[in-house]
Amino acid sequence: MPALLEVERLTRRFGGVVALDDVTLSVEQGETVGLIGPNGAGKTTLFNCVTGVLRPDDGEVRFGRGPMESLTGLAPHDIAQCGITRTFQNVRLFSGMSVLENVLVGTYIRTHAGLISSMLPSAEARREERWAQDRAMGLLELVGLAGRSHEMAGALPFGLQRRLEIARALSSDPALLLLDEPAAGLNAAEKQALLQLIEQLKGQGLTTFLIEHDMRVVMPISDRVVVLDYGKKIAEGPPKLVQENPRVIEAYLGTSTTVNREP
Amino acid sequence: MTPLQLFCQQLANGLTLGAIYALIALGYTMIYGVIQLINFAHGELFMVGAYVALTLVLLSSAGPLPSGIPWWMTLLVCGLGSMAAAGMLGAAIERFAYRPIRHAPRLNALITAIGMSFFLQNALMLLYGATDRHFPNPIPLTRWEVGGVTVTLMQLVVWAASGLLMVGLQLLVMSTKLGMAMRATAQDLKACALLGIPVDRIIATTFVIGSAFAAMGGMLFGLHYGTINFHDGYLMGLKAFTAAVLGGIGNIPGAMVGGLVLGLLEGLGAGYLSSQWKNVFAFLILVVLLLFKPRGLLGERVADRA
Amino acid sequence: MEGFRNQTVRWAIGVIAALALPILNPNPYHLDVLTNALLYALLALGLNLIVGLAGLLHLGYAAFFAIGAYTYGLLNLHWHWPFWIGMIPAAIVAGLSGVCLGVPALRVRGDYLAIVTLGFGEIVRIAFTNLEQWTGGPNGLLGIAHPKIWIPGRGLIDFGVASMPYYYLVCITTAAVAVVCVRLSRSRIGRAWVAIREDELAASCMGVPVLQLKLLAQGCGGAIAGLAGAIFASKQGTVTPDSFDFILSVMVLAMVVLGGLGSIRGAILGALLLGSLPELLRWFEQYRMLLFGLTMIVMMRLRPQGLFGRSSQGLAPDRAHAGSA
Amino acid sequence: MASGHRARVLIRAACLVWLAGCGKPEPVVKIGFAAPLTGDQAPQGQDMLRGAQLAIEHANSQGPILPGIRLELVALDDQRNPTQAVAVAKRLVADPDVVAVVGHLNSSCTMPASAIYHQARLLQITPVSSNPQISRQGFDTFYRTCATDDLQGPAAALFIVKELSAGRVFVLDDMTTYGRGLANELIKKLSALRVEVIGHEGITQGDKDFVPLLTKIKSLRPDLVYFAGMFPEGALLIKQRAEVGLAGYFMGGDGLFDAALIQLATPRAAEGVYLTTIGSDIHQIPTAREFVKAFETRFGSIGAYSAYTYEATSIAVWAVRQAGTKDRSAVLAAIKRLKDYPGLFGLQGFDAKGDSLIRDIGLFTVKAGKFVFLKAASWD
């Protein structure tokens, strides 16, 4: 399988703290890759560098279905246009918008009506709008929110907010989906439903790269797991092997004695 | 006058106005720091301070106090009195206008503040009349020539009073328990409430201190310029807001620096460029500065509004 | 669908009532107050795009109004452009100045943007006062032509200083702009604006080009104000810099907030209320601005989300403390 | 839902207030008055209002203006805002009982409003808007009781040259229609007289700190500083000029002529300041003695604009009495017949443009804390 995302020698510092230290990894097309590591290992920083939220100090991110293009220096919305969308660790929905509108925002890059055709009646714009609405409703169906499409996003229960965020990220039809701790804060039943959803997406051929703390979530669905600790990649491989890796065990046991290493 | 003397004189001129700006800007910035509110009514509190001080000065010159009290004693009493009055008013405004809507969208508080500004300004007009009031000045007209630069006792009083207050505030904020609670509240109001810090009281205290500083600014303003008017607070409030942003809003040393810098900019702008363009000049500098330092001279955090 | 029809009916009733009003009550003073309030509504609609939808706190909106008024005024005085043509460049110039202001200003965020826009408003006003050879200085532009309209059988009619024609002009313009704003707010662009207001980072990660859309919002808002400015200039016949002070920017902002951020009928209603309130309070003479301030405070307390606002957590005060991930 | 309901209640309440505004007309005849009564120019506007009130009281004490009809003053606040001024004008025009208007203060307000009065054939007399442009519009409804800036400026220039022999003049104005207009007329005449104007700058109304500007002016060593503006800023300029140690003469226009000027500037600093006024000293004119007494017992000291407004209001009343009817055209016709009206400043009349025929410019100086009248003359 060809690589879809290549991260090469990525380094990012915050003042004196090195959040990412020379990290190299890749995600192949159709794969589900888990990114694990103790708190403060640099997982979210890696996501932020990939999606353009943060500029890496060094190294390169490349992405593409055929020829690889460098993403370094691109703005987040350009990267979304390339086909990478994401969710956030602490859910960032547009809480003042309805559930449906949240998903519709994601279709922005797949629609093209300009200022004039948005202001005046135009058949083209109407057709496009109908397509976007259908797509959004389809995705809400997929995540089980079709019945609540007109509720305020901010008023949804937390578990549903997580699912809505996934639907929103999917609405631009991305090639690569980044999930930042999608199971955090969910109860057992919700976690189970989430696993099913990710499996389902995988079945449709979507490439997923996810950060997850809960081994019971990450192990069954990941084809491959990458482990970060102190900003460095310390292990990589199939879930089973990584779980037995002594460095990984040490990193995780070590964290139980330190309180928090978040920069 | 040599060009250098002229320049030094203009520096001294700018610093005087800047010190008053700084006093008002401090309150702006402290209130912004704890509840992220651009308190448009702050300029009006400054005017309330000025009018209360005027009333007290008039009372003390005509009233029951024995004559022969040194001028600084009179001013101290008047200053403290007006600070107390404005502080209480500030706390009352916070309690009855801002607290009930603290959890509403932030723009609401902004509009409330604007409404409060209209209200206070017109209340002052109705209470004290619309005409400019003469502000008697008990400070002797002493002046010194230092290397060709004239400095008046009045200017020294402005510098000393504002300097003392600023140092006092810095000590209060940095090394007392109350100051620590204020800083903590500015960092994260919710967390402070969870930790059992009496957030309401801290916010009220901030309003008291901020308004008292504005009142002191008002008295010095009245003394220095000799006339006050009910609508003076509008322009001064606007300038102080600019100063607070210039220094980095929410940042206490920033407000002092911002006030002084704005005073200097205006002074030098009027002195060397053109007085009719001086506000343009000051605003242009502000805009350019924000482009390069988007959080002001000393600012660290930036808040998103609306 | 039911709700939609209901709303259409309500809008239709509103429009018919507005059109019939001058016939029922031809008092020129009442019409003039209403015309001014509707002009405010036009401004509020424009500012609503910037503040209400895109979430950019703008405190210098009067500058765009001024630019529109002066553009039409100068075109009319120097090159005799009639109102109906002159209002187009007025809107375009004001819109472009919105974009030009945005290019540097939008690099600063949040409350800092507020002060930059405030500075912009003051700079424009002072510049119009000082650039005497072009703008007439404090005297402003005098003798700007009123609109003329050709009515079959009655020939060319000058609007003059009558009240009714301006009422209809402003009424129709406001209605047209309101319709455009409604369409815009329900389009992909409007949704992207709201997304930026709610969470800029999330919006940009969903592919919304934030800067470009903010500039667009400034441009559209500026153009609407420019249009309003041209109407204002043609109605007054004179344009002086003191019509465009900071208080005007603040008042329009208050109207948008009172109506409910992002709500179009809210912006109109807020403007009608706040725009005519000072006239309604005339009876109280010197106390009226005091009462006006008090009313603003009370209204904010009674309806924190505005008359037609959706309550939204995205605007909650603790937002400032949420750091980015 | 409850919130929507509350919104509706609010709207209805607003409608009620609106309707309450339209009361039943009473058998009165009204003189309209428009000036800023709130906001930063409220002091001047309220000064004017007192003059108008006194004139109405005097008129009413002289018997009914028309048989069985009482005279009333309708005072409206234009907030010195041109938009508001137009609204106020339309309100006055819409009231059939209003037969004449006294106002506005600011030329920028008088200008757009005058078009509305003209269209409604309603007599307008402005007591103080002195911009020459207004009367050049050719409105036969427009009159004013003050002299225009193109008289005062040249008069001041002649005085500066002939009596003070000042060679280097620095001109300041307050960037208002009044101030800039006066300053420009002065500079025009000074240049014609070959006097060097070493600088012309504007200040902002409401500003307090002019020390940097005055320090700069001091370094230019002018013989005279002229300020075209109002007394609050004028007082500060005079006071700070003394603090800075700026020598030479200080002169201003009628905007400075207010007793408060000396108090605010302190008598010491104001000593020797010259200013021009329109017409002679109100305290010196025998015909005005009664007015001064009446005003001072009723309201205290006289403001800069009280007398002009009293004069304008009295003339409006005179025109209504002459017309003998509430018909606006009749009132307009009546005022055209006005000739040698015994006003406060002498025999008042109007030229074809509606400008006052009293073109005397008075000259004052400050001595020992008081305005001292030097002379009055027609300089044109």
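Each chain carries a letter (A, B, C and D) given by its place in the written order, and its residues are counted from 1.
We take it that contacts are C-beta pairs under 8 Å (C-beta built on N, C-alpha and C of every residue); 3 or more make two chains touch, one makes a residue touch a chain.
These figures come from a predicted structure and were not determined experimentally.
Colleague: To get from chain A to chain D along touching chains, fewest steps?
Modeller: 2
Colleague: Could you name all chains that are in contact with chain C and with chain D at the same time?
Modeller: Joint contacts, listed by label: B.
Colleague: By C-alpha centroids, what is the most central chain here?
Modeller: C
Colleague: Where the centre means the average of the CA atoms, what chain is farthest from chain D?
Modeller: That would be chain A.
Colleague: Centroid of chain A to centroid of chain C, CA atoms only: how many Å?
Modeller: 40
Colleague: Taking the mean of the CA coordinates per chain, how far is chain B from chain D in Å?
Modeller: The mean C-alpha positions of chain B and chain D differ by 35 Å.
Colleague: Counting only Cα atoms for the centres, state how far chain B is from chain C in Å.
Modeller: 32
Colleague: Measure off the straight-line distance from the CA centroid of chain A to the CA centroid of chain B, and report it in whole Å.
Modeller: 48
Colleague: By the touch rule stated above, which residues of chain C touch at least two different other chains?
Modeller: Chain C, residues with two or more chain partners: 129-130, 197, 286, 289, 305, 312, 315.
Colleague: Name the residues of chain B that each touch 2 or more other chains.
Modeller: 122, 125, 276, 279 - these are the residues of chain B that touch more than one other chain.
Colleague: May I ask you to sort the chain touch graph into line, ring, star, complete or other?
Modeller: Chain contacts: none of line, ring, star or complete; other.
Colleague: Per the touch rule above, enumerate the chain pairs that touch, sorted by label.
Modeller: Taking the chains two at a time, the touching pairs are A-C, B-C, B-D, C-D.
Colleague: So in the complex, the part of chain C that touches chain D is made up of which residues?
Modeller: Against chain D, chain C makes touches at 27-33, 36, 129-130, 132, 137-140, 142-143, 160-163, 232, 235-238, 240, 242-243, 269, 273, 276-277, 279-280, 282-283, 285-286, 288-289, 299, 302-303, 305, 307-308.
Colleague: Over in the complex, which chain A residues touch chain C? Could you list them?
Modeller: 44, 48, 51, 53, 75-77, 80-81, 85-86, 88-90, 92-97, 101, 104-109, 111, 113, 115, 118-121, 125, 128-129, 132, 152, 154, 168-169, 172, 180
Colleague: Which of the residues in chain C end up touching chain A in this complex?
Modeller: These residues of chain C touch chain A: 180, 183-184, 187-192, 194-195, 197-199, 201-210, 216, 220, 310, 312-315, 324-325.
Colleague: Write out the stretch or stretches of chain B touching chain D in their complex.
Modeller: 1, 6, 9-10, 13-14, 16-17, 122, 125, 129-132, 134, 150, 152, 221, 225-227, 229, 231-232, 234-235, 266-272, 274-276, 279
Colleague: Considering the complex alone, what residue numbers of chain D touch chain C?
Modeller: 3, 6-7, 10-11, 14, 17-18, 21-22, 37-39, 75-77, 80-83, 86-87, 90-95, 106-108, 111-112, 115-116, 118-119, 131, 133, 137, 175-177, 179-181, 202
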